[in-house]
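Quick one: the structure is below, questions incoming.
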Amino acid sequence: MKLAVYWTGSCGGCDVSFLELGMGLLEVLSRVEIVFWPALVDAKRRDLERLPARSVDVTLVNGVIRTAENKEMVEILREKSKFLGAYGACAHLGGIPALANQVNGVTEIVFGPGFRPGAPLGEAAEDAPPELLPEALSLDEVVPVDFVVPGCPPPAGLIARFFEAAFAEAISPGRIFAGEKALCEECPRTREDRRLTRIVRPHEVQPDPEKCLLDQGIICLGPVTRAGCGAACPKGGMPCTGCLGPTPKAGDPALAMLSALASLVRAGEEGESAFPEENKILDSLVDPIGTLYKYSFAKYGRPLLKLARKRQEVRA
Amino acid sequence: MERILYFPGCALKDQARGYEEASLAALAKLGYEVKELPRWNCCGTVYSLAQDELMRHVGPVRNLIRAQEEGADEILTLCSMCYNTLRRSARFVEDPESLRRINAFMDDEPDYRGGVEVVHLVQFLEEIGVEKLARAVVRPLHGLRLAAYYGCTLLRPKEVAVDHPDRPEILERLVSTLGAEPVLFPERVECCGAYLTVPRPDIVRERVGEILRSAGLAGAQALLTACPLCKFNLEERRPLGAPRIPVFYVGEALAWALGVREIPAEIGKLLSTGVTG
Amino acid sequence: MPEIKPRIGVFVCHCGKNIAGTVDVAKLAEAASRFPGVVYATHYEYMCSDPGQALLKRAIKEHRLSGVVVAACSPTMHEETFRKAAEEAGLNPYLVEIANIREQVSWVHSGPKATEKAVRVTRAVVEKVWGDRPLEPTEIGVVRRALVVGGGIAGIQAALDIANAGFEVLLVERSPSIGGHMAQLSETFPTLDCSQCILTPKMVEVSRHPKIRILAYSELEEVSGFVGNYRVRIRKKPTYVDPAKCNLCGECAKVCPVRVPNEFDRGLSLRSAIYIPFPQAIPSTYTLDAENCLGIVPLRCGKCAEVCEAKAIDFDMQEEILEEEVGAIVLATGYELYPKEAMAEYGYGTVPDVIDGLEFERLLSASGPTRGEIRRPSDGKIPKEVVFVQCSGSRDPEHHKPYCSKICCMYTAKHALLYRHAVPAGQAYVFYIDIRAGGKDYEEFVNRAMEEERILYIRGKVAKVFREGEKVVVWGVDTLTGKRVEVRADLVVLAQAVVPSPGTEELARKLRVACGGEGFLKEAHPKLRPLEALTAGIFLAGAAQGPKDIPESVAQASGAAAKVVALLSRPKLEHPPEVAEVDEELCSGCGICAPQCPYGAITVDEVAHVNEILCEGCGTCVAACPSGAMSFRNVGDEQVLRMVRAALEVEGAGV
Amino acid sequence: MPEFEPRIVAFLCRWCAAAGADLAGTSRLQYPPNAIPIRVNCSGRVEPQWVVEALKAGADGVLIGGCHPGDCHYVVGNYKTRRRIYLLRRMLAEMGIEPERVRLEWISATEGARFAQVVSDFVAELKRLGPLHGNGGRG
Amino acid sequence: MAGELSLSRARLEAPFVRKVEELSGQNPYACYQCGKCAAGCLFAEHMDLLPNQVIRLLQLGDEAVLQAKAPWVCASCLACTVRCPKGVDIARIMEALRQMALRQGLSPVQFHLDREYPQIALVGAYRKVTP
């Protein structure tokens, strides 16, 4: 099986994640021919361009699409591949880097007004960093995506499941290599008191090791996120932040979770007199966008954001 | 010896000197080393009820800062007025915004961080516990019908009350522990007139008459108080015809029973014979 | 989305000129004919008329319609009409929807914009029908018996009404006798009937009724099931006296060495361990109170059995657990008075001559501890000055109960009046804040107390009550003159707040019935469904739902009974099928849905389950479900989103 | 250019708000035709995603009509909605969309006049805010 | 107090009422005039207005309340405050009224310095003559 792996806007964790397979990696390597994988094998863009169309069996792209070069590269990969998949949360949903979409002109904010990416002083123009796209995008907004191996990074079990399917040539289009049910399915924590009487951030409390984190006021996205990781974070005392993406019928995971959270909030008996206290609890949810759209902002938050941008332009 | 930090206030160094001496002697007998709060200032006397009078909290909070410098988390008070003012200010600055503003007022002082509790002698004794106290009693006040007069500042507002504002029993428990017979009377929780004594002595005289009448009707032989102003009013504003009931400080009765202060003759003669000593 | 191509028919009603006068109905029908999924569209003068319905039926058959939209008046008017018509034509009624183009279009708009809106509204409803599935209502059987919990006047009335309609009733009462607080009362306002005289015939009627089974000295342990099909477990405590043998001779009580406060007399008298609460008690038998008996196992005294000639005493009697099935439940658990021990300012219940309203009832009652003479508890003297304190513990959100207890104004007036009758030389004072005498002949009654009996009403709340010598001093105020007043009284009667009887909240939890903040049982709707709990098949009667006087309790009890009878008379119960459902393939069992349901219709194990019968169809759980595993029949997310998009479509208006 | 006519989707609960809208009709109260009503059993059924989808699909504003506190036919559905919409509005504001575009109103079955007033006020407010979709001249 | 008051929205929203609310942190409209404050006030017989009447005048927007002697007779003993069924801190309202007068330099209080007083009596009493 001819395999290509490419890394766009990403932290590199996805490339490293293959090591999670442990000894299983040896078998994988014995059964694939790496035609392109810059992190492992020295091959350049021109080598890739030389390949015939659809000559790569499977390509895995990890990372968000952030630069013009990212876009060009995945377009080439798309052309050369029979199957192209989003590997990891960034390619799947935009991931954490896509939260930058919240601000207009991020480079100006970081590097100061008037900043434009260009060649370093005294360097040749072709060494200039590529142009930034106006927005960070998920892979499927740039090229058609055949399947997804989700996660930040994908957990070993799901990677293995993917290779099994790939070797069996059983990748059905649109498949997401994760559970259909929500993460709570595999979470060992006990759920008793389904009320949110307060909202706290994970560092503010020492959570009870047995009880559901949500019941303890910690925003856990488990109920809206696909199972598949074995509830690794909740088991370790940290809330699920949604890296495996929403369950098939959840729709926009942030809004689905928003509705669930607001429904669970209680400040004593429900009624008009409890409104101010309920509002206080809701107000104490710090950074709702960053919390609820942590990985999914590019895919789900962007349409609204576009509206807002347009609105701002019109007003300006 | 356990060490406790103690805030005296003005009256305890003047008219109520005997209250301080007796109380400190009794506490020493009970095994407490009492340290006077260094550089203490006026408690503030009357807690301000106006929302915008932040300045009036500066004095009390400065005392709390002194306690903080001593590394203490508790200050003992004897005068119930000091107790009331200090404890209410301590409650007031539990609100972070109020604390911030008070601290901002006092740039020459270290910031108060909160957490110093103000306790009154009666609470302190209650914590020591009836058993320990009873064991320390060497001259039980048997036969004495002793009525506790709470007044206002130990009971109101609710946030600082040493017991239920309408039916307190904390002082009666102490009286029983000291061997005397507690006497309940309806006026024991009502105001003596307080500082109205300066502008309106007529009103205070009327009040004191009612209090003494009520206590007398209940058969009180002596009154106990923790407030120098109550004592002043009960003694100095007694109207003609009102029963003459002697008034003592809580700490004094304690000191008698613990054997660290002489029992005055007028009380001594009321005690059942053969049980002193 | 259904795989089969939809065949939707649109029927635009003119409603005479009501719609057609504003909306261009021809244009609407023409536009509708071009909506995706629509195979037939027409307009007609009166769709609800017989010819209109015939037109609908014919079209359903001729065009093999898979769904129908009637663009007409509000669905509250004729949804049923058109659904029935469609059913007759062989189309599942749940595939018929109304587009409201009258109340929400033609009557409120004008000009071409009205037609445009009508098109959008109709277009959206067509999208809904596209997504609708055929549904069938669920049918359930009914157990034709009722359970009434609580044997006070409300429970008695409900039991009698249900039984007289021919249904069996189980009447469960916690204490040894039915009768409730009404049995303790002296006379009742405003008529001054003797309370027992009007109550005891009803008690006897209950005891003789062939359809009523009284389970006294019993408590409801557990409830499961749902409307029409409840299973209940009732714990019947042993009375150690066989009611069939007991001839009420009373010899047992005479020899019993135990003396404990008599609950029926509110502790103003003593009773023995074996006792009858009051002579007319039903069931008519003595009860041995095991808690106060010197000892049953092992037997420590046994004197009662020795003197019992009827051999009615059975020390081997055991507790029984009864399991019964009932179709409906009436809760009539009644009230208690807020304890005077909670009233710090009025002496914490430590002053013997400060008593509560029910204690005063016992003093007034001819069967009471003083045989109806007003004698105060401390020394048995006849009080010459009596102070009545209204709102004692009521209307005091800061320390006690925030609500008005409703009955105290009236019973205080009655107390003061009866006191004056009993002690003509006595003076009665009533401290009040407001007089709430809103009932038939109530205002007149209060006036009588004031005018004829010269009872002094003083408008002000009492601040403090304390004992001074033989007197009870009351500090009050007359806010009308602005004077403080003090009364040195002989007796003070506190009109204590009415609170739910102890255990109400626990019972409510067992039944999944809501309690309000103050612990009273909560009705399904404060205005429109005041007789029933939110849980179908459970009804409320009497003061357990909120402070109530006797006529109101009786009225509510009869109302609840009528509802029970209506329910039990139905051959089958039908439950609308438009409810929530769970896709078990998608549900992770996170459990967020369950607490959203006010009906307790959702249980969660590995996955969530919706009890279709309990679900009332609000859909709150569906919106709360984060994973999308919970859905709503015929109001699916995708369906609604298609409606939204269709309503907004730029070209959608087509006019 | 014709005046901007905001487009509104109105999710109305069947027992209160929709009945109030019907009463406005019975009372022949005229109000702007900008709101397309969609009837649901309870405001508690309204999902934040519906609101956002409506905005994305071209609505300039979304109205949710429910029963007054304490009057919900399903007892507590409107309380859930209130909290959901409260949090949603906060999130919209953080995204840069005026939260005023999403309105939750308590309208009882007897408040026909109030329903008409709410729609009129909302239309006026949205006119003030301008079109969400940039081109006010459309449609 | 006899007399006539013509009521209007402007009167009911009088700035001095707002000022009292602000200084006291209390809502006079929470009072339902039960009079429990007055019933337990041991100084009421010396007051020209009962505590509940003071609040009533605030509810009515009657500026006559600013001339009342009652706040100066009030000893801040808080018996009313702890008993009020509606949780109105009446003592704070009295204090607010005193403050408003004091800040205009007005105080009807006169001292009777007839003997040596404890400091706390003097410091306390000074509060009634200085803002």
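Read from first to last, the chains carry the letters A, B, C, D and E; within each, the first residue is number 1.
Throughout what follows, a contact is a pair of C-beta atoms (placed from the backbone, for glycine too) under 8 Å apart; a residue touches a chain by one contact, two chains touch by 3 or more.
These numbers were taken from a predicted model, which means no experiment stands behind them.
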Chain hops separating chain D from chain C, counting only touching neighbours: 1
Set of chains whose contacts include both chain E and chain D: C
Far-end chain from chain B, centres as C-alpha averages: A
Identifier of the chain whose CA centre is least distant from the whole-structure CA centre: C
Pair of chains joined by more contacts [C-beta pairs], A-D or B-C: A-D
Centre-of-Cα separation between chain B and chain A, whole angstrom: 66
For chain A paired with chain C, centre-to-centre distance based on mean C-alpha positions, whole Å: 52
Length of the line joining the C-alpha centres of chain C and chain E, rounded to whole Å: 45
Residues within chain D bordering two or more other chains: 47, 49, 70, 76, 80, 84
Contacts with 2+ other chains: residues of chain C: 345, 464, 596, 620, 623-624, 637
Touching two or more other chains - residues of chain E: 79, 83
Interchain pairs in contact, sorted by label: A-C, A-D, B-C, B-E, C-D, C-E
Contact set on chain B toward chain E in their complex: 9-11, 14-16, 42, 45-46, 48-53, 79, 81, 152, 155-158, 165-166, 189-191, 193-201, 203, 207, 210, 228-229, 232, 236
Chain C contact footprint on chain E (complex, rising order): 32-41, 44-45, 49-50, 52-53, 79, 83-87
For the chain C and chain A complex, residues of the former touching the latter: 516-517, 583, 585-592, 594-596, 620, 623-629, 637
Chain A to chain D touching residues, read off their complex: 102, 251-252, 254-256, 258-259, 261-263, 265, 270-272, 275, 278-279, 282-283, 285, 288-289, 292, 301, 303-305, 307-315
Sites on chain B touched by chain C in the complex: 164-167, 186, 214, 217
